[in-house]
Every structure is written in C-alpha cells, then in structure tokens.
Amino acid sequence: MRKLKDNILLGLLWFAAFLTVAVLVMIVGYIFYKGIGLISFDFIFGDYSPSGGGGILPMIVTTIYTIAISLLIATPIGILAAVYLQEYAKQGRLVNTIRFATESLTGIPSIIYGLFGAVFFVTTLKLGMSIIAASLTLTIIVLPVIIRTTEESLKTVPRTYREGSLALGTTKLQTLYKVILPSAMPGILSGLILSMGRIIGESAAIFLTAGTVAAMPASIFSSARTLTVHSYLVTQEAGDIELAAAVGIVLIVLILILNLTATFISKKLNKANY
Amino acid sequence: MTDKSVNTTEQQKKIAVKDLNLFYGEKQALFDVSIDIKEKEVTALIGPSGCGKSTFLRTLNRMNDLIDGVKINGKMVIDGEDIYQTNDVIKLRTKVGMVFQKPNLFPMSIYDNVAYGPRMQGIKNKAELNKIVEESLRGAAIWDEVKDRLKSSALGLSGGQQQRVCIARAIAMKPEVILMDEPTSALDPISTLKVEELIASMKKEYTIVIVTHNMQQAARVSDKTAFFLNGEIIEFDETNKIFSMPSDQRTEDYVTGRFG
Amino acid sequence: MTDKSVNTTEQQKKIAVKDLNLFYGEKQALFDVSIDIKEKEVTALIGPSGCGKSTFLRTLNRMNDLIDGVKINGKMVIDGEDIYQTNDVIKLRTKVGMVFQKPNLFPMSIYDNVAYGPRMQGIKNKAELNKIVEESLRGAAIWDEVKDRLKSSALGLSGGQQQRVCIARAIAMKPEVILMDEPTSALDPISTLKVEELIASMKKEYTIVIVTHNMQQAARVSDKTAFFLNGEIIEFDETNKIFSMPSDQRTEDYVTGRFG
Amino acid sequence: ACGNSSAGDKTGDLEGNIHTLAISGSTSVGPLAEKLAEKYEKNNNIKIEINQIGSSAGITNAINGVSEIGMSSRELKDEEKESLQETVIAYDGIVVVTHPSNKVKNLTMDQVKDIFTGKVTNWKDLGGDDLEIVVVSREDGSGSRDAFQEIVGYSSGELIKSAIVASGNGNIKTTVATNKHAVGFISFEYIDDSVSPVSINGVDATAENVLNHKYVLSRPFLFVHVEDNLTNEGQKFIDYILSPEGQAIAAESGAIPVQ
Amino acid sequence: MSSIPIKKDAGEIGKANKRKYLLEKVSGRVFLFCALLSVVSLLLIIGFVFYKGSHPFIAEGYSFIDFLLGSDWVPSEDKFGILPMIVASIYATIGALIIGVPIGLFTAIFLAEIAPRSVAKIISPAVQLLAGIPSVLYGVFGLAIIVPFLQNNLGLIKGQSLIAVIIVLAIMMLPTVVTVAETAIRAVPKTYREGSLALGVSPIGTIFKVVVPAAKSGIMTAIVLGMGRAIGETMAVILVAGNSLIIPTSLTDSIRPLTTNIALEMGYAFGTHQEMLFATGIVLFSFILILNFVLARISSKGGN
C-alpha cells in the first residue's frame, strides 16, 4: 500500500523534473535553432545599420553599460542597507517597515518602474532618455534583490565569528569588513548574479527610460538600445523571429559568461578565505 | 612580577563582583552573584547545564551586550573600575580576552588569525607583528606544530590545534584576564591534555576563569572553584575543598555525580 | 515474558556483532568491533570524543547508509538475521528504534509526532491511534505533562519533555531495541534524571543501547558497559566491573577521569 | 538628452562639437527616420538619436522638451496643435492582410468595416472558405489604428470585442501569417510573402495608387516640434528629408513621398 | 613633570578608541541612510503612481467604482472600465499557479532529495540560468510555438488565449519556484530526516510527511515570488494573450491582463487615458500587496 503510494509519488517527482528539463531544453533549443543561422562575427561585432544587415555591437555595449552602472550604484547601497538591517538595527518597527518596503518593491511589475523612471529621472531630473536614467531605474529594481540576498547570507555567517572578533576588542565596523563581509561574500555574489539577470532581462523599464536608439552610445547620457529591448522591438515591430532569436542567443551566452565569471570570482574569494 | 607573594591582598583582587543580577528579557539567569577573583589564579566555574556559568563568564567582558534584551544590575569591578560604568568596551575586551567552547578561528591563515587583534589595534609594522605572532603561538604551546604553515588556512588544523591557536589569538592582545568557556569540550583527550597543560603554565602570567563540565578537569587545573546552581553561586572555595569536603550538600551531590 | 531467567543464553543474544570494520571513505572509524548484546539489558557505550561510539550505534539500524562513502564489512546479526544482508531496511528500523542526542521532534503537534510512525505504517483508525499515542506517552513517562496539550506544537516543550516525547515516538513503533545517542547531553539535571528513570523502567521491555559521555550516568543506568577508544572496543563487561576494577589500564584511566 | 561627450580627448574638437538631435515617437515612423538619419549622418557632423516609443510618447516628449522632434503617425489632437508645429515627411499606406491561403483577395470598404465591427464573421460570406474570421487590430491610440478606423468608418467602440489586439506591425504580421482565420492591417513597409495583401474596391495597395488618390487607406507621417525648441540642425534635417534625396530614401523603404 | 606624559599617554589611548567609537557611530548612520533609501524609493514610486492614477477620480469626476466594475475600455471614447482585465489577471495568475507550482515544487523536491548529486549539479544551475532569460524570449517562444500548437491541436480559431498565457507564465515561474524551493528543502535540518528514517519510514514518506512540511515557509516564499513573476509579467504576455477586451468565460478566450493593458497603450496614451493607465497600475499594485499579505498570513498560520 505504502509502497505503491511511494512509487507513484516517486514517478511524479521524476515526471515533474523531466517536464521542467524538457520545457527548458525546448526553449533554449528553439532559440538556438531559430537564431543560430544569423550568428556570425559581423553580427556580434559589427555596427548596426537600420537599412538592414549590420551587427548588434551597440546593443551589447549598451547592455554592459547598464549592468555596470546599475550594479555600481546598487551594490554598495544594497549591501550597506542589508548590513544595517541585519547587524545594526534593533529588530522593531523601523526594520519591519524597511523590510516591508523592500519586499513590496520586489513585487512591483517593471512597467511601473518604467513609468516612474520616465517621469522622475528622464523628465523631472532632466536626465533625458539615457543610459544613466535607465540605470538609475534599474538600480531601484535590483536594490531589493541585493538587500534580500545579502541579508540572507549575513544570517548564515556563524555568530561565533562575530563573537570571536568582538572579544578581541575590535569594533563592529572592523568585525564587519574584516570577518563578516568576507565570509558572506559568496552569498552576496549570488545576489549580484540574480540582479544581473534581472537587469539583462528587463525591457519595459529600459524602453521607457533609455529609449531605443540603435547606435553606439557616445556616453552614459546618450539614449541607447539594450539587447533585450532590441529583441523586443524586432519581435513587435518587424516580426522577425529569427533575428529576435539570434539576439536571444547572444543574451543567453552573455548571461552564461557573467554567471561563470561571478562563480569563478566567488570560488577565488572563497579560496582566499579558505 | 610573577611572584604571588609580592602582591598585597588588595592587589590580588583582580575582579570583584557584587550582587550581580542578570535578566534575559523577563527571565532572570543570575541571582545576586558575588565573587572575588584573584590575580594569577585559575578559577573554575562548574555546575549543571543551564545554571548560568556561560552567562556569568560573558558578563566579565560584556559579551552579553550583544544579546538583545539583556539587563544587568549589581557591581562588577575589574582593576578597581566598574566595567558597567565605562563606555569603553573596546578597552575592556582588550584587557579581558576570551576563548570559546568551539574553536572559532576566522577563515584566514593561521598568521592572520593571530595578527588580527593587534592589526585592528593599529599595529602595521611587519616585524612587530611577526614578533607578536610568534610569541603568542609559543605562549599557546603550538608554535612548533604550525611554524611551517603559518600562511595556510587555520581551518585545516585539528580541533585541539585550533583551540590552542584561539588561545594564541587571545594572548596576542596581551590581556590580563583570559575567560574560557568549556575550551576542551569539543576536543579529543590528547588535545585536551595539551590545553590543560597550557592553562597550568599560563597562570603564571594571566588571571584565568574557566567554565567546565568536566569535574576532573576542574580538579586538575584550577585553584578555586565556584559551583553554580540555577543562577546562584552555591559554594566558592579552594578547589581541593570543593572536591573533597564541600560544605553544601548540593555541591557534594554534584561533584560526586549524583546529578548532572 | 519479562522474566529474564526464562530465556536461554542463545535467546538472550539479541545482537551479535563480529569483526565489524567501518570506513568513512578512506578513513577507518571502527576496527574489528565484536560485541554481543543481550536482550532486555541496558548496554552503555563510553569513550572519549571521536572514538566511534556514535558511528557504532548507527550501524545497528543502518543509519550510516545515509552517509555517502561509508563502507562496512563484518557481521552484524540481530535476531539471527544479518542486517547487512537484507534489503528491508524499513523493517530493521521499525524493529530497532533510535533516540538522538538532540531532541529532534518534527514541527508538528505532540500527537502527530507520536502518531507519525504508526500512521506511516498504515494505521488510520482514530481510536487505535489514540491508544498508541497514549500508551507510548505513558511509557515515556510524559503523559501527565502533555495530555492536555496533545494538539499543540511539540516544539513548545522543554528540552527534557521533548526528549521524552522522542522516546515515546520511538516506542510507538513497538520496537524491540532502542538506541540512544547521548540522549541527555542537551538536558538539564532534572530532565536528565527523569530520562534516566525512564530508561531504568524501560529495560523490562526493551533492549537498550546507550551512548553517554557521563560516567556517572553509565554507572547508574547500565548493566553492561563497553569502552571504546580510537574505533576499538577496549573492554566490554559488567558495568560494576568496568567502574570498580577494569582489567585494562586505559579503561581505568578513562573512568577515573585521567583523560577526556 | 545632450551628449556632453566626456570622451573627447582623442577626437578632440570634432567630437566635442557634435550636435545630438533627439527624436522620439511613432514606431511606424521610426524605421524610416532611422534610415534617413543613417544617410544624413554620413555627410553631416551630427548625431541623431531616434527612439521608437509610440506616437503619443513622442508628442509628449516634444512638448516637454525631452526630444527636439517628435514623430507621430496620427493626426495631432487639438490641444496638441496649440503647442506644436507639424511637418508631413511622408505618407504611409495601410494594407489589409490575410493568411496567404485565404482565397479572398479583394474587399469593398463596407466589407472591411463589417469585418472589423463583427457584422460578418465568416469568410464564406465574403467568397472564401467556411472559416470563422479572426480580427487582429492594433492597440487603442496607435496612429495606424486611428487612421485605419477613421478612413474605414468605425470607432474604437464598434470594433468587435473579441478582436486580437497586437502591439506593433510585426506582431500583427506574425499573428496573421500563422492563422488562416486572421485578418489585420499593417504598414506598407512591413509587407512580405508571409501575408497576403487585400485590394480595396479593386484597387491594389501600391504607392502609386496612394499618390493618385485611388487607394485611400493612408495617413501622414509627421515630425512635430515646439517652435522655439527646434535648432538649426533640426531644421536642416527636416529640410533634408523633404529634399528629393530624402524623399527617394522614403520611397525606397516603402513609404510614399510627399510629391 | 612626570605626570604630564602619563596624562598625555592616557589621553592618547582614549583618543584612539574615541575615533573608533566615532567611526562606529558614523558608519551606523551611513548604513541606516542606505536602508532608508529603499524606503524612499518605494514611497516615491507609490506616491508618483498614486498621484497620477488618482487624478481622474479626484479632479475630473470619474467614478472609481465604474472604473473597477465597468467592462468597456475604449479610451478614445472616454470609456474606462477594467473589469475584464481584473478577471483576466486573476484567472491567468491562478491558472499559472495551478500548473507551475506543483511542477516546480516536485522538480525542486526531485533535485534536492532524489536526484544524484551529479545530476542536480547540472540541472540546478541550468534552471537558475533560465531565470535570467529575458521574458521577451519566452514570449517569442510562446508566440511561435505554443500559440500555433494550441490552435492546431485544440482546433481553435486562434491560439492567443487564456490557456496560452497560463502555459507561458507557468513556464516562466518555474525557474524561480524551483530554485527557491530547492534551497528551502535543502535547508531542512538533517535531524528531521534522520528522525523519520529511524522510525522505519521510507525515504519518500519522509520527504512528503516531514521534510516538505518543515520547508513550508521557504516553499511559501517560492510560491509568492513565482506569483509575483506571474502577475508582474508583461512582455511575454502581450505576445500570447490576444489582448481582447472581453471577460473571459473559457480557457480559449483571448484575454488582456492588467499589466499588458498598461504596456500596450502607454506609448500612445496621453491625458486622461494615460492617467487611467496609472490607475490600472494602482489596482495592480494593490492586487499584489493583498496577495502577498494573504499568503504571508496563510504561511504564518501554517507555521504554528
């Protein structure tokens, strides 16, 4: 009886896992199947031309810009905020409010961030449609992600490290940057990876704040088009599925590279820490 | 300096605790604890689990400050200064070192672990640091075992070695008092023996307060023993006396293994 | 049934272990362990930390199967059946219950914890479950303390209560052997006492193997004692003998507190 | 949106003096404007940023100064006309398209209206196979849709409720190309083999027929700007578009020149 | 004379620590400031959306009730009713949860408890990677594969439908649900497993009766995050929903969820129309807050 039930459940578990893997393989497979024909050196490293042909280098550069700037701003703020919530704050109403705020931020659809960014950063702060406006908008989008994951990884740092350090007559701050942050680093990095994914995958919010200019950005105050926005436009306006898929391939590879780099760094850091 | 007889009785009183009460939120964990701890002696704290030994030990360097909702009243004087009246916890903790139950080395090299405290005090000079590290590791009777691997991870050491490096880390701060909370409970017999020998040799220079669950250990290493029960000190006396002819029935029950 | 003298010597041999070796990957943790455990006796396993007591205990219900890279050879026979030759681990574990060092109740109500095993055995009948739960809790000397809060969370109980509910949970499976790995090390003296009394009363019905660090406890509760050192059994004999006149010097050193 | 180029050390003065012309708006006008800009940038020391974010967003940007020029594929509303100047840079034809397998190749304007308002729901009533009609429309506010509805003669409220609403020409095209029930409308520029164009009242959808007013489904592509905001460079770009060279590029990319 | 250096010396030590304490205080403030920044951004966003979105109801005399319960959305004719979209959002979310949650949870359980370590080590990162794939690509996949598939195999006249949205959303939430739930299940103390196995309970029985219930709160988080993804998703949904303005009565009807309504028309909207899109945003936001709140309630109840 129990055995039969066990076997059925086991079967279901295998089935679900199979289904998940199958679906995911299908999606990636489809994107590669559709897009691989367009992939070439010129496609990836060529400049874009509106009259057909041309490459997507400007979009790749823009994508990297947005990732770099958003993370540059969001990472310190996010980590320090998490440090405050986890290490400094007396758990109470203020902390709960801040937690609630960050949690609610994760639940807001990105189109709403886009609208906000378009009015606040683009118009009110007069940044114009630009990489910087988009990056600031993205900063707000990923801030909660970074805060949450950092908090979680701070939680896993053994209390004994804190005690050991403080008992040596060090300050909280010293303990923090010498002992706690280094050992929380792998977790923090995985939060950053997640954030990168979110930034790369975003379209609605970027579209409304950075615009869609398909040219190499002169500076971070230029309007520009990220890879994801490009694949979005190509799908919606031109209906060119193959091109969208080809851009998708580049995106997937980019995500893969960034993930591997981060994992590598995290391993390195871990080794440095032993 | 190391000769006890030179000190007057007053000087010998390194730590004086009077009517100390401690509460975790509503719950009282220490009741009217009074005890005088003499300089350069080893004082053992024994008692059944949950009786407040660790709690008391941690009041001595104000580690309980880290726990939310802890309230303390009473008087605790170290070297004539009420440690709960000062704001300079850093100074207190530099003077009163601590070794924990489980070796809690940081995930760094052996060298960096021992140099950690001095560095945080602002010592940057390489030669000076080297000297401190070597002296401390020697003081903790671990130098010979680790001198060839100072730059490798401290976490690769055995439990007993780690615990001695922890002691070295504490010594490196040149403290006057060293608190130890069941420092050998996670160790194997051989390591335990080494740490015990170390404690015996360290009392020439340091005032040591040690919590232990192990009656034999208390008997072996300490000069004085305090028996805790339910947050109170039932008896505090020469170790010999506590183990051979305690004056309280409960102490006797405990040390003869009638409970716990 | 509960009268020992009725049993023949052969019947009394509940567990027979012969030349058992156990490896964690490359590292050998048990060396040629041989021991015969009699029915309805309490056997205590003592020895310094890391000597293999827990490892040995866990071979008795094949809990080590869960750890990757564990290799076992030798013979372990329970009730005439070599437990490493059968595939029915479930049956084995139903027969050989286990109580862990830290109370590990599930995050469910007290009732559900105790009823968990029987339910998973397919018992659905409400009345029958009620009966099992009550009997088991009574058997673990905890019924009176919890009978009014059976439906509330088990995690709200004190450590000692939790440990007794763990015992009840094990009893509910009507095992024949109960393994206990330092069952009182996380408990306060009063709870410890209760659990010890419980063990004493349980031996009328169960064969009990208990690991303990506490010499006094071993002396109080067990009939036989085995002294482990570095993965070997150094001495196995009547508890009285082990504590009063052990035949091995190392045993004597250990039980008199010369190390550990 | 002013490129305060900080990386001016290499190209020196040249880079530093480059004017950035910010244009944003209609996604229908966008591709044409990009092509014009590409050609224009080659011969002029200027950088033109074109953002395809929708007609109304472009108009808003033009009004509040985020962009120098807005692109619109719909007529300006009265309140917008108060603050904006408009220039017709080209015309765009709108084609009714169906699945290539659809036998219906010609419709009258009334039939088009009946289809989109749901009066006719089966292709067999229009001479096709016995297939239910699936209407595909653009989103409310789209320039293409506004123009199409106005010319065909129905309002947004009359559009059949079950109509698929697709955002963008490409989306309509993909939808129609993969559904043999479907009918939709797209810009001339997007026509290819994957869909079948339908002639209206017997008149084919060609640029020629638009120019000689035989084919009536068309609408203007507008550049709009606030009088005071237009720079010389902006004016020059508009002039270029209206020049024969600019209009030739427009014609090449599927739009209809303004004579 | 001699007392001066001593005094000075004492003063210096004090000063050194004083600087440390000061630094301590300042850094604490900096950390607090960073934490407050996230609150400020939330307030800014909420304030902004509410300001824009409430304008038509406060200043222009539109009725909020008609907005919520009206079933006509014709911006060019001044009709703003979002009932069809509310219904669509609810159906799509519930549907995606019904399909995505069990599959995701079972996959997570499989990866954490059943799969050999080597297999899990490949699949888990791959699944995580998929969480980073832009939603537009999921939409492309949906439009090019799922929509025609439904159309051809269910004999529909159009594949853009509630069911297509549900499938796409279920797929999109999988990586989130799997990853978070897997972590939660792995975090269940080994002692629970041992406790159950030692009672002679089978590994599968142990998983479903002890391990999964013990991971409940993490699993709830997985569901909440997955749901967030489902409700908030826009770009993929636009492509497969059909965006028709009807109240769906069957799985095969085209739908327009709240998010797509905003994304679809924002580029073309101005004046009241645009404000009404912000109002749609308010409804969406409230929707998410309520759901989060309810789920938090359920999970804390379950926890007791």
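Note that the chains are named A, B, C, D and E in the order they appear, and that numbering of residues resets to 1 at the start of each chain.
Keep this in mind: a contact is a pair of C-beta atoms (placed from the backbone, for glycine too) under 8 Å apart; a residue touches a chain by one contact, two chains touch by 3 or more.
Small disclaimer: the values here were computed from a predicted structure and weren't measured.
In terms of the distance between Cα centroids, chain C is separated most widely from D. Interface comparison, A-D against A-B: more C-beta pairs in contact at A-D. Between chain B and chain D, the centres computed from C-alpha atoms are 81 Å apart. Between the Cα centres of chain A and chain E there is a gap of 15 Å. Chain C and chain E, compared by their mean Cα positions, are separated by 47 Å. In chain C, 120-121 are the positions where the chain touches two or more neighbouring chains simultaneously. Chain contacts: chain A has residues 2, 171, 174, 208, 235-236, 241 touching two or more partner chains.
Across the assembly, chain D contributes 27, 53, 57, 167, 171, 174 as residues in contact with two or more other chains.
Partner chain A is touched in their complex by these residues of chain E: 20-21, 23-24, 27-28, 30-32, 34-39, 41-45, 48-49, 52, 102-107, 109-111, 114-115, 123, 125-141, 143-145, 171, 174-175, 178, 202, 204-205, 208, 225, 228, 231-235, 238-239, 259, 262-263, 266, 278, 281, 284-285, 288-289, 292.
Residue ranges of chain A in contact with chain D, taken from their complex: 49-51, 122-123, 128-130, 207-208, 211-215, 218-219, 221-223, 233-241. Residue ranges of chain E in contact with chain D, taken from their complex: 72-77, 79, 143-144, 147-148, 151, 157-160, 238-239, 242-246, 253-254, 256, 263-271, 273-274.
Note for the complex: chain B touches chain A at residues 61, 63, 66, 68, 90-95, 97-98, 100, 102, 104-109, 116-117, 120-121, 153-156, 166, 169-170, 173.
Contacts from chain E toward chain C in the complex involve residues 189, 191-202, 205, 209-210, 213-214, 304.
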